[in-house]
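Chain IDs A, B, C and D follow the sequence of writing; residue 1 opens each chain.
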């Protein structure tokens, strides 16, 4: 991507964004809504790409950050009256940041599969707490709430309809993408990539590797929390299932399917997976997970670089 | 409330029995991980399919022990098939890809079982129905028998690994796959065998555990996380370590359930896991064994 | 000078022709060719990173060359997996020795010994013979390989390769990191191998040892055989060695 | 009559195939017209959506529930439809996960344009989907979801529950528990929202009857080996009361028996533990269990009606086709079957033509009286206006020789609890 002239990149980028802006106006309701959801899951996947693709740390704990963002938003929407969107955002990010800080402090001391397992177990601890603390979190039932108004004092006061929520989400995802892209290309991002390539050498050069890793996990967690807040806003509920490790697993899957270390790859992966599941479930109401599994295994074996890598190689041929 | 000595002793028995079953499931997983760097996410599904093979054999032949044997053999063959078709192409790639591929496999196997065997849970009748008195409880002999069988199977595996030619080959392959190959060890065959053995152990555990609960397509789910914890705490690939860890964690959870709210007792094992990873990342019992 | 020419004395055991190999994107071997006769000790010299170890690995089948041919006893072996090559009679002693650290000395030896078609008596005889060559190992036979000293590990690595009853042993820097006292022992072992009619392809940094042990030398530079000569020729003209070894 | 039966037998596999391979009801019917289809001419079908867990942990219940739904719809279509219009079924799988369920419901509402929804199995998924019914103003007949809050604190104008819930069961069961079995109880419950709220309901009612709950043991959901939890249970009390369901319920019952606890104490609990689909996996270990359930697959009084015989026979035949072990219908088959019929009554009463008539439909469903018969083989029931919660006859039963035997039928007016709902 970086080799190609920048102008082509930006033209492509603008076309995609323009198409996404227009999408809810032309797509049928369900597909427009699914697109919004894909963007949200894509944001979650993209956030973990910062760790998987750029720092070489595979997190199986992103469900915790996602879930805490969700429950944080729920807390704001349920306790503060009238429900305030910005407060929901603030609470959600705060929740995710707290969880990420906690997880980062411990898990970054470990590497490779051990890091993955620690993050997984931490997210399970959050899951158990949320699942059993029924009085506060609603337990298995989760929490339901209403969408707040999109209001900026003195400027706008809008009801969040599926369409303007889509644009809102799109703006956030595009903004996050540009920000994450900037981060990965900044000196900070370079250090992360050098940690991925050779941690010992990076440490030897004199970088405080642990501190960089902690910041990376927290940043990643913050974006995951952002995705959680928007999932809560779109669906008007928070449930412990989203903190369960399967969601983290799916996040990693989106990354691998789309192509790690590309930021857009994970979004493509999320889109592919959600559409695949949606499409197949229309043909095999009961047993569509079997073909989903088969396709997925085949992709892991035959497309090691993910969809994006595969497409790139195919285009280059 | 005060905890009586009786309760502590009962929980000790529970912890050891549960721990042995856990150890049996974990032994296959740790073998597979230690030797092939494959994190087998579908291990719980092999456990479940083993239980179903047990159900079918029991219905056809009426013998529990035959069911145990046939589950072990059938799931071992299935394991070999899975290895050859799905995992061999991933050899040498990031262990992450094996997690993902086996995750996909677990989707396939679980839904295949649902399709093939229907949704209603089945039963495996225990071969031994007697009880003995354990303080205020009637304790079933079968539980003790499971623990013993599990112990015997793990011991047999250990003997096999320790003394047989294949055992040496397997251990050599664990330590240095490339050098093993250069020594003329048929590594691809060794790996397929290991995966088959690990799967067979899972299949057998499914039959052994079946009588305690019900056999259904989702029964593997309850195990997978706990088994992973055991494998990590024991030191990945360390067979003896996993056994000690399985008993250790089961005991800990059993004792914990005397004091804290039960749902939070599982957090105790999470905490042990994290402490282990932080302070002894190669496993709690790494130096003692192997 | 045409590398690869200068046929080996006696029957050809191993012939490597035009080997190319990549590691990731970097081109390591640029067409290595060499020939080794039965029972012959051949040295492979060159600076660090010129592809000596990679050549050995390619012969063993641990590295897949992108181009080129390898024939062992006149049979092409290029597609064979490493363990099949080992069974054909190629022993490998890698640079880092790569002892199975958690296996005992006996178990280490059994990795190569326990193969099909070897009778119990034969196995016993082989093991006894090896213990005769390496008395140090007898004392340590039930000790884990990882607990042995560097020299002992080197002995074990060679002994282990010999359990395959190989026709050739690929020795990669056997003296590296050993005490000078041990270097002499390695030299002795090579002559023992020669006496057993086992060919040796010796990769070394230790030029005097190589010149002493080998009969012919290949000199590698940038992934290519740049010079090939008998030991006598090299003894006569020291500048060649200096040119390629950069001493 | 016998002709009708035959049609049903022939039709069943066709419908099942539709379910397996058909994308949506609409597409499927074009491919494989059902035998009765011709009778309706050009009449536009009513589209009824049904969200069920067909895969994942709750698949057992979802599949038996779906059998009830399909049975009811086939029967309606055979008998001339509703208001002369056929009924099309659109099924979606939620994989036992709320996000997937929510998405599937959105699809049924916006893509398939369903007119009403009957279904929902797991309470958390029912709750997650509540906003959809409200946003799109669609009637939602719950099929299985048992959580108390669905018709109390989280009640919703569009959502109806045509079967019982835990507070009513506790009211119905407590007199028997305290009067016939014992004064002091220990409750074992699945430690999550439903288990906890059900535990509280029983504690309240047992104490109201002069009994006492001396202790309780929670068991985390998905615990395969409950022994460490239940072997703590000891002391001076008369009975154990279990609140669990599905595989967890099976594990619990098996292991309580194994430890001799069901011999030592009286053993009673929520009927979900001894649901007919659980019985094969329990064998003789559930003998003597006293439970409460709205429906049992038996023909003993008061269920010795021709309507129930017909329901039982057909449901058994259909279930055999989805599960080779041949389970008997459970309460999920029954409640879903009846939920469709309740909706049918509502549609007939209100002249409902499509989504825009939902307010009329709601008005017709509020206070709906359902009479025992072919539509409602379980018995009479009333759908209360204040909270959209139905009250119906409860059956107390004991398991003997591996089968439930009815001990007592509690009439529906002895199960009443005050409404605790205010529609927004």
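Going forward, a residue touches a chain if its C-beta (ideal position, glycine included) is under 8 Å from a C-beta of that chain, and two chains touch if they have at least 3 such contacts.
As the structure is a computational prediction, the values presented were derived from the model and not from experiment.
Hopping across touching chains, the smallest step count from chain A to chain D is 1. Here A-B and B-D were compared by C-beta pairs in contact; the pair with more is B-D.
Taking the mean of each chain's C-alpha atoms as its centre, the chain lying closest to the overall protein C-alpha centroid is B.
Relative to the C-alpha centre of chain B, the farthest chain centre belongs to C. If you average the CA atoms of chain A and of chain C, the two centres end up 52 Å from each other.
Between the Cα centres of chain A and chain B there is a gap of 33 Å.
Rounded to whole angstrom, the centroid-to-centroid distance between chain B and chain D, based on C-alpha atoms, equals 36 Å.
Separation between the centroids of chain C and chain D, computed from CA atoms only, is 74 Å.
For chain D, residues touching at least two other chains, in rising order: 55, 191-192, 220.
For chain B, the set of residues touching two or more other chains reads 110-111, 114, 261, 263, 266. Screening every pair of chains for touch gives A-B, A-D, B-C, B-D. Residues of chain B that touch chain D in their complex: 7, 10-11, 14-15, 17-18, 21, 110-111, 114, 117-123, 125, 131, 136-140, 142-143, 209, 211-219, 221-223, 250, 253-254, 257-258, 261-263, 265-266. Residues of chain D that touch chain B in their complex: 55-57, 59-60, 62-64, 191-192, 217-220, 222-225, 227-229, 231-232, 234, 247, 250-251, 254-255, 258-261, 263-264, 277-278, 280-283, 322-325, 327. Interface residues of chain A facing chain B in the complex, by the touch rule stated above, are 58, 106, 109-110, 112-114, 116-118, 121-122, 124-125, 128-129, 131-132, 245, 249, 252-253, 256, 286-287, 289-290, 292-294, 296-297, 300-301, 304. Chain A makes touch with chain D in their complex at residues 28-30, 33-34, 37, 128, 131-132, 134, 138-142, 144, 146, 235-237, 239, 241-242, 278, 281-289.
The part of chain D that touches chain A in the complex is made up of residues 19-24, 54-55, 91-93, 95, 97-99, 102-104, 106-107, 110-111, 123-124, 127-128, 130-131, 147, 149, 154, 191-194, 196, 220-221.
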